[in-house]
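What follows is a pair of complexes built around chain A, which joins chain B in one and chain C in the other.
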Partner chain A sequence: MTLLKTYNKDFSSKNKPPVVSVIGISKKFPGSIALDSVDFTILEGEIHALLGENGAGKSTLVKILYGIYVPDRGEIYIRGRKARINSPKEAIRQGIVMVSQVPQLIDKLTVAENLILGLEKYGFITRVGKVRYFIREKSREVGIEVDPDTEVWKLSYTQKQLVELLRALLLNAKVLLLDEAITFLPLIEKKKFYKFIRDFASKGGSVLLITHKIYEALEVADRITVLRLGRVVGTVPRSKVSPDDVRKMMFAERSSQVTYERLPISTPRESAALEISDLWVMGDHGDHAVRGVSLTLRAGEVMGIAGIAGNGQKELIQAIVGLRRVEKGRIRLYSEDITNRSVSKVRIRGVGYIPDQPAKYGLSLENSIEENLAMLPSLTNRLINWGSIRDLARKLIKEFNIMTPSPKTPVKFLSGGNIMKVLVSRELLVARRLLVAYNPTRALDEVTAIMVRKFIKEKASTEGIGVLVASEDLDEILQISDRIAVMNSGRVVGVFSSSEVVRDEIEKLMVM
Partner chain B sequence: MRLVLVKRVKPLPLGGLVIPGASIVIGILISTVVLYVISRADPLVTLSCVASALVSPEIVLTFLFLTILGVALLVAFNGSIWNIGAEGQLWLGTAAATYIALFTTLPQAPVVAKVAMVLTAMALGGAWAAVAGVLRAYLSIDEVPVTLIMNYIAYYIINYLVRGPWLGKKTWGYIRTDMIPDQVKFTLLPGSTTVTYEVLVIAVLALIAVYFMLKYTSLGLRIRILGSNPDALKAAGVNVKALIITALTLSGAIAGAMGAAQLAGYLHRISYPIESHTANYGYTAILVAWLSMLDIRAVPVAAYIVSALYQAGISMQIAGISSASATYVFIGAVLLTFTVLRVFSEYSLRIIRG
Partner chain C sequence: MDAASYVLSVAPAFMAYYLTSLGQGFFEKSGVLNLSIDGVFVLGIAVAYAASIYSCSPWVGLAAAVLTAVIFGILLTYVTTKFPVSHGAVGLSIMFLGYGLAGLVGVAARNTYNEMVVSGIYPQFTLPVTPIAKVLMFAIPAGLGILLYLLEVRTKLGAAVRAVGEDPHAATSLGIDVLRVRLIAAALGYSLIGAGSAGFLTWVATWSEGTGINHGWIAYAVSLAAGRHPLLTVGTAGAFAILATYMYTLQAAYNLSPEIAKMIPFIVAIGAMVTFMSTPLRKKLAPPQSLGKRFFKEERTV
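Let's look at the complex of A and B:
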């Protein structure tokens, strides 16, 4: 009966009852204030976006709601009752489930086995069957099919995130916390997830969508709360705001720096920085991910590789830096053959590398900014000169406006965007001849992302290094590239110079 | 009212001192209770044994040995490479030094011989550990069982040598090697019957060299990062396989040096069977490494306390108050308390009312 009632309720009305209310939450971290008297409310049946630039305190707030951090001050009310959430277990008991940007699944287990972990409400014998059925039904509904009996390591990122969402539903979530959980999905699949959460909200569930992407918030949220430097700037209904309004709330006066104009074209030099000829590289699952790619990148030129995730861009880039074996074909760096050379040999020749998963392949989170600089063979000799490393760290912190209490703070205490800034600034520093990057600005807010693109472009044109940027964000590719190569199913299906490029044509080639 | 553990944003300030300190005090108190219950040892006598051990000159040699081994283990442990094989590495060091002392002509030049004893001991100890390093680096075989098993292989190799080719000529029926020549024995400190100049030098050098290595060399930094994110190291262009092997080799080499010091300064010969003649320093050093919380500056402190507890157990046994197991009661109680208290370095306890 109650269920029916919930279904029939008109959730577009303004009389939605609050589900979660946060009052006066403050949290201090060593050397910085992450949250300062934050108030906000999630209503029943609403999709609420939490927007903010890098380091605004979004993740801290979510971690408090999910019981990972305990606030220094302030209170949380759930359906009007004061709640103490001091562990994720307690949060789940209260109906709050988080899905983060990094899937938390166990690779060796199957999808069904992963979902059964932690489910106590199903009976001992029936549960495998039930879970299996649930997975089949739901994944068909969403349009991203997942076989309950595949091991998780075989799944794509999108499929893993779907499994995470299914887990939340199985846990009987009333409030979904999506901490950049959708932000990094390929565009086409993003739409399916939007449908999924709209559906969830229409049945009376609430969604808190944490994102640094304005368009994502505007596309799907009912209300938007903007955080800046740990404070709530305001909560606004989506229908009443434009992207520019939100941008002003997020960045204040810096919002004027946001532009999607194409950056000035650099003048490529004569010499080829990187020559790739007929390259074949294996993927993770035993088939070829890169199938006969040939490209030439001139010194001083920025080449963008457009494509939907999983079309061989990642493998191509890993092969260039030496992290993945080349089966066939040649890679030449300034005419020198570097095919299947070790990473150390490639990197020491002045190759900068911005990987897709900065926390795994980029930085060591337990170590400080200084130590993350000193770990690069191209920045230190056998003996480390900590004095000069410190000067370098200070310079990067200043130049890239990295928010950190000190160069000695372990990187794990920084926000996701600031961690990315540490990585990008370091790699720009060591890229003396070539920079290869995969989604270099994905975790960054608009202002920072544009700043990083400008830095990359400037480095290419003034120092004459070759830059190869693969990105799933077509706006980024269009803004930064002098030439654009489109990758699809491991092949380059088109190369355009940025002066003659037509966006539609690229999009067509990407999904073809 | 409920008690909850809450993760600290920052580790407990001075946790590196407070937690091991508290563990030692609580561990000793637990031990006195346990010893009272099982063998009616008067708690006051137990405590006085501990107190006198803390100032006993007897513990100096054990302290130096455990310092060297603690430093050796820290090289590997800082990179999350769990070298459980210091015991085997040190005994092979002893064997290598014995070979130089008894079966080469080097002892005719004593200084050369002493240096050669230590260096070959380091080479053999390092090589022994490197085997586990190669297996870990190239075949991803866990180093814990490998290093542990290799301890016993080391024992049995030496047992074989002592019973066979190395059996001494003047042993009065004992199965053991001959004494090493007097001129290659290490030089005793004035007033001591066990502590030598050389072992003191080895301990100080090891401590300073490894401190310097971890802090000021890229090798040390990379070993520390290896403990938290090997993938990032690889992408940065560091040869991670070579790094793993280097860390284990260095660890084994330092343990080997202690083995040479044990022979030339104290044992002077190897007796069969090793497993009943060993003081198990290689294992006890694991406790030292843990109590130091992998901070090299704390290694001497941890080694001092562990060696005092070691000595307290022995003196209780000699006084007939308790059996030989008293040592292990002390060490076990401290380690257990430490394991529990370590949680508070990362977590704090909060009381929640209502």
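Let's look at the complex of A and C:
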């Protein structure tokens, strides 16, 4: 507390006026309290990071500021005047614009059509073509290259986020809410975003950066507010805190569990869990995303696939589990050919799969945790034993600290991080022979991410399953892998054992 | 009958099917599943009939049918967007309500009509069917179709309607008022459905209880078989209009039983939809992703 008082004194000396203040904000969801009397202020021209573990209430607070949720209690002040923000439209009028982790753009519409929707000065009968020039001008001004007539589905994730930023500028945003908007970007793109938001703040704009990544907050923010279990733990200036201080605020006594040391090497067995030979797989845009990949993964071994997003890792993983067609080459699971087998046939053979988009490929959001367990053929027979499924759900909830009112709560009511925990815990359970994962901990906070890595490693070494983990987070790859394969342009450009690996060399291969 | 007469005979049926399916397609692009169409179509016919008789003007009948359809469209849209209720259940309820009200309105008007006929007054309840009027029955709907197409693909309103149909949560986030846009889509779409029902009355030129039943569904099929595309719908509406107009000729020519003849439009409807689904257009003109999905503004999303 003394520490926090010092900090409060410190930033009260700064003379930046508050732009947005929330006082006593509370919000309940069925069975859970997302926010409990939260007080919080964003100053003019500052980058303010909002940190917290999964389910701390960060996204709920931002959605209240953007008018998606209406708070049960509390008040919002904008430049000292009480405001009632009951829709994003109203938030935009007040100069508040949100960019989320999942781009909120309409895929089938063009960039120009998406961007005109929020521009109130254009009436409903305005031709979309009228804003084309305006968009081109503005995008040139901020160095974002985008064709207004491109349909959004043709854009990469990074390009979509850039369009979202462009949208904020077109809307003349004064306060930019970035809800994990940078988290999923490749490192090089992240740096560009950091520059963008620094420029934005230097011109008097305010940024609220929501993240569960401590280093991200420390890299760009002026002040950091930490939320835990829906309450504000404290607000501190970046210059006065170390990562450990912030970690303690986020996780309290659990912060000691955070470590980035390499996990003990497992002992691979003789048998090959997965053999991939000369594999060719098509990407989303009609060209080969995987080009002649050959890899052998031993039982009991963890192999990490390092690479910048979009170099064929996702397609490789999807081909293994049967989600994407193999054009050429073979995939063998414990010597059995599983090339182009259906997902259910692959999964029933004891293959666990952790995708990085749980809502799309991992879970049914409308269903409960129990139902999401029961729908897996490897966990149920033709008749479901709900008693044992319920016990299993309770066990996973406890083991992975999943914040949910009950095992019967629909998954859609959980926070993003907790949804990921449901998926990871289930897949670790069903992976009897092989686990394939793509960015398995990207949405998780540090404590949970490290816990998951330990679980994966332990499973490989004690149960002897093969584990193939593709991740854009090199720290994760270095911490978990016994061997590391680097992918670039759809090819494996290097394989290293963890004892001989040099980080610089991997980074060079990733970008060459 | 010369070739031109054969073509012109199709005009009233074309007008009825094309306008109705045009309205249906545009409205459904906003993401509201419209199962009320047949009931509203049948009610529109009865209202057009009644209003024409009471006012002695088919134009008043047309206006009344449009207004009635719009009221029901707004009701369906408001209930399904404001509250998390099933689009299917509300739509079907309105459909049955439409059937019931059609009987109530139509029978009373028919009695009045009979009394007027006894008194020597023959009120005209159909739109004019002169050759020029029939040409206009092709031209005006086709013109409206082109206008609607331009509205859909060129204007902010068109983008907004497609946006709320694809992803109402994302559309809200982009600054769109989902309810407002859907209500506008309902007003436009249902006014066309109402006009289509008045056109149907012109085609059949008589009213009895149940007039128009199932033709709303045919219009739905016309819209689906063209992927809800305003211009492609001209083709499917034209094909069904020819089939419907010359059904009795076909029946006589091939000596079909009336039961079989009655089934033909529905068999063709299934065939048309299957054919559409087997072409590449199926992907290009895919239905709105959120069609028929309940919309909660406060739903927690990842």
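Throughout what follows, the second predicted complex is superposed on the first by the 476 of 512 C-alpha atoms of A that agree within 3 Å, B and C clash if a C-alpha of one lies under 4 Å from a C-alpha of the other, contacts with A are read in each partner's own complex, and residues count from 1 in each chain.
Here, a contact is a pair of C-beta atoms (placed from the backbone, for glycine too) under 8 Å apart; a residue touches a chain by one contact, two chains touch by 3 or more.
Small disclaimer: the values here were computed from a predicted structure and weren't measured.
A.B. asks: State whether chain B and chain C clash or fit side by side on chain A once the two structures are superposed.
C.D. replies: In the superposition, chain B runs into chain C.
A.B. asks: Quick check on the superposed pair: does A:380 touch chain B, chain C, both, or neither? Answer first, second, both or neither.
C.D. replies: A:380: touches chain B, not chain C.
A.B. asks: By the touch definition at the top of the document, which applies to A:129: first (chain B), second (chain C), both, or neither?
C.D. replies: second
A.B. asks: Using the touch definition from the top, say if A:323 reaches chain B (first), chain C (second), both or neither.
C.D. replies: Only chain B is touched by A:323; chain C is not.
A.B. asks: Please work out whether A:29 is in contact with chain B alone, chain C alone, both, or neither, and reply first, second, both or neither.
C.D. replies: both
A.B. asks: Identify the partner contact of A:342: answer first if only chain B is touched, second if only chain C is, both if each is, neither if none is.
C.D. replies: A:342: touches chain B, not chain C.
A.B. asks: Is A:70 touching the first partner chain B, the second partner chain C, both, or neither of them?
C.D. replies: both
A.B. asks: Please work out whether A:111 is in contact with chain B alone, chain C alone, both, or neither, and reply first, second, both or neither.
C.D. replies: The answer is neither, since A:111 touches no partner chain.
A.B. asks: Should A:371 be classified as contacting the first partner (chain B), the second (chain C), both, or neither?
C.D. replies: In the superposition, A:371 touches chain B alone.
A.B. asks: Residues on chain A in contact with chain B in one complex and with chain C in the other?
C.D. replies: Correct list for chain A: 29, 68-70, 87, 365, 413.
A.B. asks: Which residues of chain C touch chain A in the complex?
C.D. replies: 154-160, 162-163, 166-167, 169-177, 184, 297-302
A.B. asks: Can you name the residues of chain A that touch chain B in the complex?
C.D. replies: The contact residues of chain A facing chain B are 28-30, 68-70, 84, 86-87, 321, 323, 342-348, 353, 355, 360-367, 371, 374-378, 380-384, 386, 413.
A.B. asks: Can you check the complex and tell me which residues of chain B touch chain A?
C.D. replies: Counting only chain B, the residues touching chain A are 4, 6-7, 9-10, 216-219, 221-222, 224-225, 227-229, 231-239, 350, 352.
A.B. asks: Which part of chain A faces chain C closely enough to touch in the complex?
C.D. replies: The touching residues are 29, 66, 68-70, 87-89, 92, 98, 100-102, 104-109, 113-114, 116-120, 122-129, 167, 171, 358-359, 365, 412-416, 419.
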